[in-house]
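Presented sequentially are two complexes of subunit A, the first with subunit B as partner and the second with subunit C.
Here is the complex of A and B:
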């Protein structure tokens, strides 16, 4: 059973087409959802939650139809909205217990489950304090905790690292990763930060102007290219010349020499040339494609050396 | 670091000599809360990233530079003038605040023109059109800002801040809410302005992006300046942190035995399909690695510095 499936899903807001016949099929995993502002990400999330009816087309989540089984879907889906949505005058425990009870958990189970998820997201003694006094990082954790409270099978996270500083971001990303792998919960992460998506997700969904732009495992976007970069502290020009002299295609780019990797003998030639010229070697790395290339208007330039 | 000349000569002359931004022993407190604590630095033309955890004092610092706040102690100078006392310097400063500070009922064009007129520009309409185009908002320029997406509002703010072509541009989290394509375009725009001799200071939490825009950084931690300058130079100064290099080769174990014998290396660890090397003398290590593997007859497939990135430098500075 696929995680999410849509067929010619369309949503119009008056003359504006937010989704224009979106067809997609996603299997369980940690999925990154990217797209330009206005591409239809939020609309898609709202439709999947059954909060918004599509203009036409159909969609299903975990095999359940969004039109007829929206209530059932929400029982197994946790949602972390992007905007600030927490009541300031209650503690995290009280709030998450409340959310768990709204999702249908009995009082005792809701309490136990709350204690568990708050510990999972890393909120300890602060949980009894009023949320209004929390830092941005703590608020994001509460938002994640309430999404997990009813033990969902799928989590929808809208910009989960918004407003977090580098440490807070790392912790949140780690938490998302652990939620996906340790608990086996599928996660959809909507984000503008491609580096983040690369770090935590296994699969990428890119939508543009309400249509599917890309849908593939992350690894296909970050493949190695047949270009080897050699960086030296000094003497990149001499190294480029030496390697060209040995019959390899070499091009200098600042402190780097870029080489076409066609033959493994290149590795030895690099080592020998660097040693011969006694240059300080900074790195030897095969260049990778980058996720952001799919958003570049010009064709990806990762390929050629010349 | 140079000291600013006394401010009794004409402003233009001072601006030509003084660094664009100069702070000397600057502090700012709110009651008993110290937001900025005894900071001294100067910045010239180019682009600098302002980094630090939430609550480190970045926004307070930017607001002092923009003239919104007077320092509680010390001297703040922008283009040789004190922004909190001399409003004439506003004409040469552009500020993009973090908060949503745009009027929803104005169109993008009206908002930018409003800024142009506040700056006393003669041809406000033409300047506004240029600014709108620079941020790529021309298609939405006649729509009310209230209907904009977050990334569009952000770009409208940027257009409003650079409509008078300021010498100094201050941006507080300018990339917030922008999508990948808008981020790339904004990075290019800031890069162009820096290349044209403008002084640009921007705060950000997204270290990968800061690293791509430039190498100059200011790092604030708990109100103090933890470091300033080229982050690679800052890394080199951290002599208590050994440098880590990950190497993949045709024979990791053999390479490891050769490397551990070398005085520049003080730890080698075999990992799965790689060997991780720690050295206190990075440049010495860089000079021997190719020759050592040549002598050992080991093929080097990958050599990658493991903790030279801005992310590692930042992490070391903040968690000291």
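Here is the complex of A and C:
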């Protein structure tokens, strides 16, 4: 049974097409849904949740049709919206307990689950305080907790790292990764940041202007030719020119020279070039190809660096 | 900070960290979820589970509505003496039948304060998507909210009835006998207050649901209860003088006067002489029911359409 399946799913907002005949099929896992702002990510999530009705086309979640089995779907999904969705004058414990009960958990079970998920997302003593006094990072944790409270089979997270500082972002991503891979809950993470998707997801869906751009396991994007970055304190332009002269594809990027690591002779060439030019070498590092490349128009198909 | 004090950071806590655990227990359905929302909503109206300041408005306003009855109760011995000597006419005192007609406008204050509280918060803080992606659907949400407000209003309406009941028993010579003779007189309060509660709750909630801001919602509710109360009555007054027949139907749509006349039907009180005799008290009951259905429909429609 596939996790999500859509067939020519279309959503019009007046003249604007948010989704233009989207066909996709994904298996359970941690799925990254990438696209620029306005690409249709939120619209897709809302249609899958039954918050929006599609203009045409069909979709199913965990094998259940969004039109006829919406109530059944709602029982087994958890949703973390992009925007603020927390009343400021209640405590996190009370709010999450309430939401767990609205999901159909009996009172005592709701309390136990709340204590558990709040601890899971990393809220401790502050959970009895009113949400209005929380930092953005804590609010995001509460939002994730309410989505997890009823132990859903599928989590739909819309921009979960919005407004977080780098540390908070890493913690949130780690939390999502653990939830998805260690606990067997399928997760769809909508984000416009490819770096995030790359960190946590096993499968990538890229949409643009309501159309499917890419749909493939993450590994197919990251297993291509590795890139070698050579950082020098000065003279990166001279090094790039020297290496290009030796027949390697080199591109200067600030104080770094990026090279496509196609065979081992590159290391010798770098050593010789740096020695000849007597440049102060800082580091030589192999980098994974970034997912950004799939969106770069001039991305070289063979993996060469320009 | 945490680097300097490793004992306080997460590694120490991880000893007890069992990780995420799945929930294997019972999952209840839509009815349970709607019931949970109803209970929580009712608690919220009275400010339970909220800061202390949230309790002030509902309790003060409910107390205000009950005040005349409480005064009667407090001075019951003096009043019963005064009735015995003929100084006070019992018909001038608040009783079960005339209570709402006398002080019903105070219910509007309770509505202005608490109806927006029930529905505006979820729109303002954008909580609706969280509800609509759970076990309840949009209609269940609207009905649970409406029933909670109607229940709260029914409680407000019944407090003075109970106070009057106790007062009457205290005023009588034989308390046990008085209980037996009093309760049939108080009984029509239950259906009439149910109608009042359902009717005004549906109006106030339907209007409030159109604004995410409490203040605008409160103004809307106030405007409805003032305009729809007094404009028809003024037109009726003028038209009645001029001898127009169609104006006889206008008092039917007024919230307070209309419901007061509906109360008369439950108690069997004759309609006051300044009202047209062409329309019986039963018509006001019907008008109250129609208004309840209409505004419940508007509320349900609003939540069907609302973007979440």
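Keep this in mind: the second predicted complex is superposed on the first by the 236 of 306 C-alpha atoms of A that agree within 3 Å, B and C clash if a C-alpha of one lies under 4 Å from a C-alpha of the other, contacts with A are read in each partner's own complex, and residues count from 1 in each chain.
Criterion: a contact is a pair of C-beta atoms (placed from the backbone, for glycine too) under 8 Å apart; a residue touches a chain by one contact, two chains touch by 3 or more.
The structure presented is a predicted model; accordingly, all values stated were derived computationally and were not measured.
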Q: In the overlay, answer first, second, both or neither for which of subunit B and subunit C A:34 touches.
A: first
Q | Which superposed partner A:86 touches (first subunit B, second subunit C, both, neither) | A | second
(Q) Taking the superposition on A as described, I'd like to know which of subunit B and subunit C A:226 touches: first, second, both or neither. (A) neither
Q. Given the touch rule stated above, what does A:179 touch, subunit B (first), subunit C (second), both, or neither?
A. second
Q) Does the superposition put A:99 against subunit B (first), subunit C (second), both, or neither? A) second
Q) Just subunit B (first), just subunit C (second), both, or neither: which does A:50 touch? A) second
Q: For subunit A, give the residues common to its interface with subunit B and its interface with subunit C.
A: none
**Q.** Complex interface listing, subunit A residues touching subunit B
**A.** 34-39, 135-137, 162-169, 192-195, 233, 264, 267-268, 270-272, 274-275, 278-286, 292, 295-297
Q.
Considering only the defined contacts, which subunit C positions touch subunit A in the complex?
A. 10, 13, 17, 19-23, 25-30, 32-33, 36-37, 40, 49-51, 54, 121-122, 125-127, 129-137, 308
**Q.** subunit C contact footprint on subunit A (complex, rising order)
**A.** 49-51, 70-71, 74-75, 77, 79, 81, 83-90, 94, 98-99, 101-106, 109, 113, 116-117, 119-120, 122, 124, 130, 146, 148, 150-151, 178-179, 182-184
Q. Given the complex with subunit A, which residues does subunit B contribute to the contact?
A. 51-55, 149-152, 176-184, 205-208, 283, 286-287, 289-291, 293-294, 299-305, 311, 314-315, 318-319
